[in-house]
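In what follows, chain A forms one complex with chain B and a second complex with chain C.
Take a look at the complex of A and B:
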């Protein structure tokens, strides 16, 4: 045991604790509750990182297998086992990540029976499934070397798998070539959405070549990390060989990418200075050009620092390439900005942490890394010989302190996560609160139309008002009804409505047609003060003050009439029994039927507005069909403010005089 | 049921009354809309709204709905065949097959399919051309509901002829283009309008090429890739293996220092696993 590794494991277990809690939230509450995905951004971090980048990061498996088994470069054999293990665990992690991202994960096996040869995604799924099987078979001999598999049957399986190595390796290379490239082909069908700097008709070539370069650098990074955490010597001379190959592959990738853009005439966009151009240059520099230059210098690629820098840059840069292609450079509707929810990060990190722990477990109990200063002699000897029992710690002999500490860490972080889970996860109420603001006012012109069909208003820019003073267009003060400030507004001529309801003289009686229920000690409560949410009903009943007003415990029965029944909201006296004076005769206010359970709640702002306006419009229309046309009850009778052309300066946050409301 | 049913949307006739939307909601039992994050307004397409009216300048109302492409990108994208182009024409969705990967939502050039994000067992939702109603010989609910005759139903050929006829008989009323005739390989829903309909597509552009062809260009290379990659790898393995065997034999004959046949000394070791 060493402290570096213990710290790493503690951190990984801490992340696993968070992951466990968020996993439950994900599967109980669904994608919408735990992610920031939307119809505008249907793919997010779980596809971009867990699948796209995950598969690419695991490319070292087939690259190293090809180098050693096919090209016979035996000196790289020590890297094969860690590379195969990374690939095996990487693809397993991809499968687990997919379970989170799929809407119906229990249908994940459906591609097995529904073959769709015209779907790139089917090809990817088929290749990944077969390749995961191949990787399992490729890695199985390492597991079977462990002393607990000493039965004859295991030996037979072991020998069979050893004989099948070459066919398995070739199958793995073919499958990897197919699906590494096809992950890029997925985006061929989105020419309208993927930015031209990333969209390419040969994107599959770019994905494949970049995966090979990334695979080599990932194996390098892993060797460096295992050297650090397991405190064994890093073989820089061999890593330098991999680094040289990576330099060539990464250069090739950069050349193809730039050449393809130049060929299609898109390259100038990279230097246009917009964020996509800058992102492209940054991504290509970090992922390929800088590491390739670093690795071309023999002195740098023989130093641990140089290798570390190049491999970290490539790994981060290529993750960036996958994320850019699938998320960042992908066109979304303007409003559907996507940044992952913290729970999305928790799941992604949790999967990485869990598979990191499995990786460490395998390294600790199986012969994955050559821990000694290996020369060619041990490398030659190393593969076929089963591990001696003494060289690995036995499963049963570990002290209890490790597991107890790690359990404590994981349970601790899980408990903390429980505390910080968002309210909507616990309550299951996924409706987003959409708060409402009061109306604003603006001076506009009333345009008289020849027909009686509705009224139109025009709002000229402020300084241009004078020149619009034409006959038939009078300046009026308009209320801008746009509760949630999304720009879909209704212009409302309050004064003419008031005059129509009550005549020219103000008796205040006409107010009650629309207005009802002021707040205590208030004379003109605005709509938005009770109808506080755009779509959802809001609780406005104040039980405490009612209890006080009714005289404490003695007063319960004044509302909860039945003294025997349990006092709930279902057996109360209607509010209007006492508050009848709050609603004027002829008011348009619609009282919710008791079964809706909305009696002490104010309906959503939109429903309140529609209810109030529409009820009256329909009543007028029925009373005088000669005068009003069908237009009078249609949406665009009121929703006719032409936001795009006339009212651009009424953008949601434009400064307008804030009306007190109701005036 | 008629073959290749089609809807002709006359944008110049639409008054934006939304009767079609109400009918659609009723026919598909869609219920109440609720705004969720990432949605522009509650009137945008959503899992509870298969179709909506886009309000454009100058009292122009454009109905947004699934165009039921002749060569649908969503169908070619689906890896399990949950999105299906029926023989008759409508593009329908089989919820029992869907995995929920949402690749169809990415693939659609018009951004039509929507997802039930807030459900633990979410489905992709989109207009089905009222396939069940069509099978019973009824009109799509929206066509039946339209009071302005902005929606006309018939076979695709009839609708194209009708569109051409209206363009001929009303010079100046329409642009000289029927949106959906050739876009992305053609669609079953056709737009006759006085403004450009390109805003319906991502980035305001949609070519005439069917999108499935783009991915097929890559997919048709799969069998040759298997053959070439498998063949080349087997060949290299065989050749290098032979050379190494010979090198070892030469080494036995000539002494341990002879590495004449190999460029790098490391490759002279005999492979010991096969």
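Take a look at the complex of A and C:
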């Protein structure tokens, strides 16, 4: 048995195992949970690699079809089948990759029905769909040659498809030309966001020419790889012919790209020494210039090493060109820095691995490469599927190849991937943890308006405070409520609320309207000390310290009193029994038992704030609708975008005193 | 200790459980492929469905074996019943399922669970003892035949003392860590050891049933193939 192929297949199956688990995570939990994409960086690895580079890598199909069927260079016929197969699987992989990247993947059929004639993307979608169909028809005869399709109907279809080869090839070339270039045209609408060294008004020409060169080199690389893994002789004389053509096309690509930049006067930026300039030089060198020079030398392009070096450089370099255009050199807002999440890499690699396995399957079972023409050898490979391990045997005696081994590798990596999935994928909490800080206080003005639109605040710069202090504008201390410090804040006039709730004196009865719970041995615990996460509930009961304080195992039954009940938080002696002092004086939110116990979980900060403020506002409104304006129960009563901008522009960072938890 | 416990009942549990489910599915698929293979090679292609169901059921409820080896039969039955019922229907376990995937089902009362747990531990030890003292059984036994009943006893014993803190000499967290981790190890071992019979039982019955059915005149054919026609066997 072929150990190289075994190792390759084992690695591919291992990646497929990881891919399967991450795919479930992607489709169950969504894009936000599995990627680092954002509104500022909506196109990531899946578009850059799976679609942009994937389409380009599949270009060998139409290039070879054109060479053999249109230009009649029969010498290269042996490369047509692998090239068509690569194109077919490549486009299928693009479609699969697109499913991952679409926010609503079940809408992928929409371009079929809803035609958007003005959109380049519509053109791309239509071309990919039609070309995938054409490729399926182009490759179908190879599948129909298999002995299991011996029925007459299959023979009829086979003969028909064979006759339709030339029209199919022409359709394939037209469609490829259209959308290899239109993938570049997509970037015509982004002159401001794509770096000048990559943006070009003729970017579609660059995409097309580079795809032709890449297609030739991809066919070369595939032949070399299949020669290595299936241990057959590589036909270097024919590959050298392809290499010569590739040298010409790659040189043409480099000339057009450099010429275009020089013509528009952008070229000097390439030598400015910044990272974009260096990246441009590196990418162009690796993808076109070095391989073109290598392939121009007849001795190098006739050697396996030379062909391998040139094809690997071109393939990696051209993948780099597509990634640079769609991700790296694509300018994003400062906050939207993007580096793919490991799960994005897992999906991308997984799609490549899965389609690699399909490729190997086809090569093993169909007549894809010429030297497999030996009919008896091929027929032997069709049946039976070798199942070498019997399930009743022990694990250690199993063979290290065949379905038993590959399935073991795949489920092994799949299970291990579960360890590394982020917690929010497993628990399903859509909010990632976002810790909360206490409030700060700031000096401001309360503007009371006659028109009953409610109270508004103004926050002038500190030194301008005096000149704004006019009648109707009272200086007050304002609490800046911004738990997660994202700049979206609420200004809260603590003192006025206190007085309004009946606290003109110092009875402190009014505190209980909002304050409900203190930490042990504390009197005015701030909100953020228990509501510690912006969105997720916080566990405020510390089981470990309680166990220790109660004397270890003996102490369990002091709280979990019922020996027959499951020992959970639902079956405990009320916390209030010991911690009566933790309820704030006069609390209306938490009252003495039996109505409410003390809670072991504090809701998220946002929920806590909304629950406390809104409940009260709505109650007041219902009680006295005449007095309050409709504004009083609306979102913008507290959330006022003006406050954020006022604070940032009038008084950036200056007067926010860092009195965390101060009241 | 608490972090380790969180880790053990979180990611490690997920992985171990997935290993068990996927591993068992894999075994079923491989076995079905094997069976296809066997059926193709089999001389007699008729399926002994009735006999298959009979033998499977008779091994699921080995009442007939009570005529001899009664102690061993009883021990294994009690062992199997307890180790299947307790983990699935224990109140605390059902509560964990309900919290994580929102499904719940009827639970055992704690008294029944306690009794069955003790029985599971005792019968596990009894199985090992019987395997050791009977020479015939000892000859048939592999390492895993001793190791697995003992390993199964660990989560039951540790779970029992965790549920009864007053008779537990070890700290609660340590007990739970042993409980969870030993169960995780078992989950991973299930598809790779004799425990896989929990799902493969009907298939192995099928394999032995189907593989040993020879065509009617195969004896003659073997004799012909060996060139020993008309010779006494």
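Please note the rule applied: the second predicted complex is superposed on the first by the 400 of 663 C-alpha atoms of A that agree within 3 Å, B and C clash if a C-alpha of one lies under 4 Å from a C-alpha of the other, contacts with A are read in each partner's own complex, and residues count from 1 in each chain.
Simple rule for what comes next: contacts are C-beta pairs under 8 Å (C-beta built on N, C-alpha and C of every residue); 3 or more make two chains touch, one makes a residue touch a chain.
These numbers come from a predicted model, not from an experiment.
By the touch criterion stated above, A:43 is placed in contact with chain B alone, chain C being left untouched.
Of the two partner chains placed by superposition, A:623 touches none, neither chain B nor chain C. In the superposed model, A:426 lies in contact with chain C only, and not with chain B.
Counting the residues of chain A that each partner touches, chain B and chain C differ, and the larger count belongs to B. Shared-chain residue A:411: touches chain C; no touch with chain B. Look at A:564: by the touch rule set out above, it reaches chain C but stays clear of chain B. Shared contact residues of chain A with chain B and chain C: 384. By the touch criterion stated above, chain A contacts chain C in their complex at residues 384-385, 387, 389-392, 395, 403-404, 407-408, 411-412, 414-416, 418-421, 423, 426, 544, 547, 552-554, 556-557, 563-564, 566-568. The part of chain A that touches chain B in the complex is made up of residues 27-33, 36-43, 66, 69-75, 101-105, 107-108, 110-111, 114, 116-125, 162-163, 165-166, 169-170, 173-174, 177-178, 181-182, 185-186, 188-193, 201, 204, 331, 333, 335-338, 376, 380, 383-384, 430-432, 434, 486, 488, 534-536, 606, 634-636, 639-640, 642, 644-645. Listing the residues of chain C that touch chain A in their complex gives 2, 10-12, 14-16, 18-19, 22-23, 26-27, 29-31, 33-34, 37, 40, 91-92, 95, 109-111, 163, 165-166, 168, 171-173, 192-193, 196, 200, 203-204, 207. The touching residues of chain B, counted against chain A in their complex, run 15-18, 34-43, 45-46, 55-59, 61, 73, 76-81, 97-103, 105-107, 109, 111, 114-123, 201-203, 205-207, 211-212, 214-219, 222, 225-226, 229-230, 233-234, 236-237, 240-241, 244, 264, 266-267, 269, 271-274.
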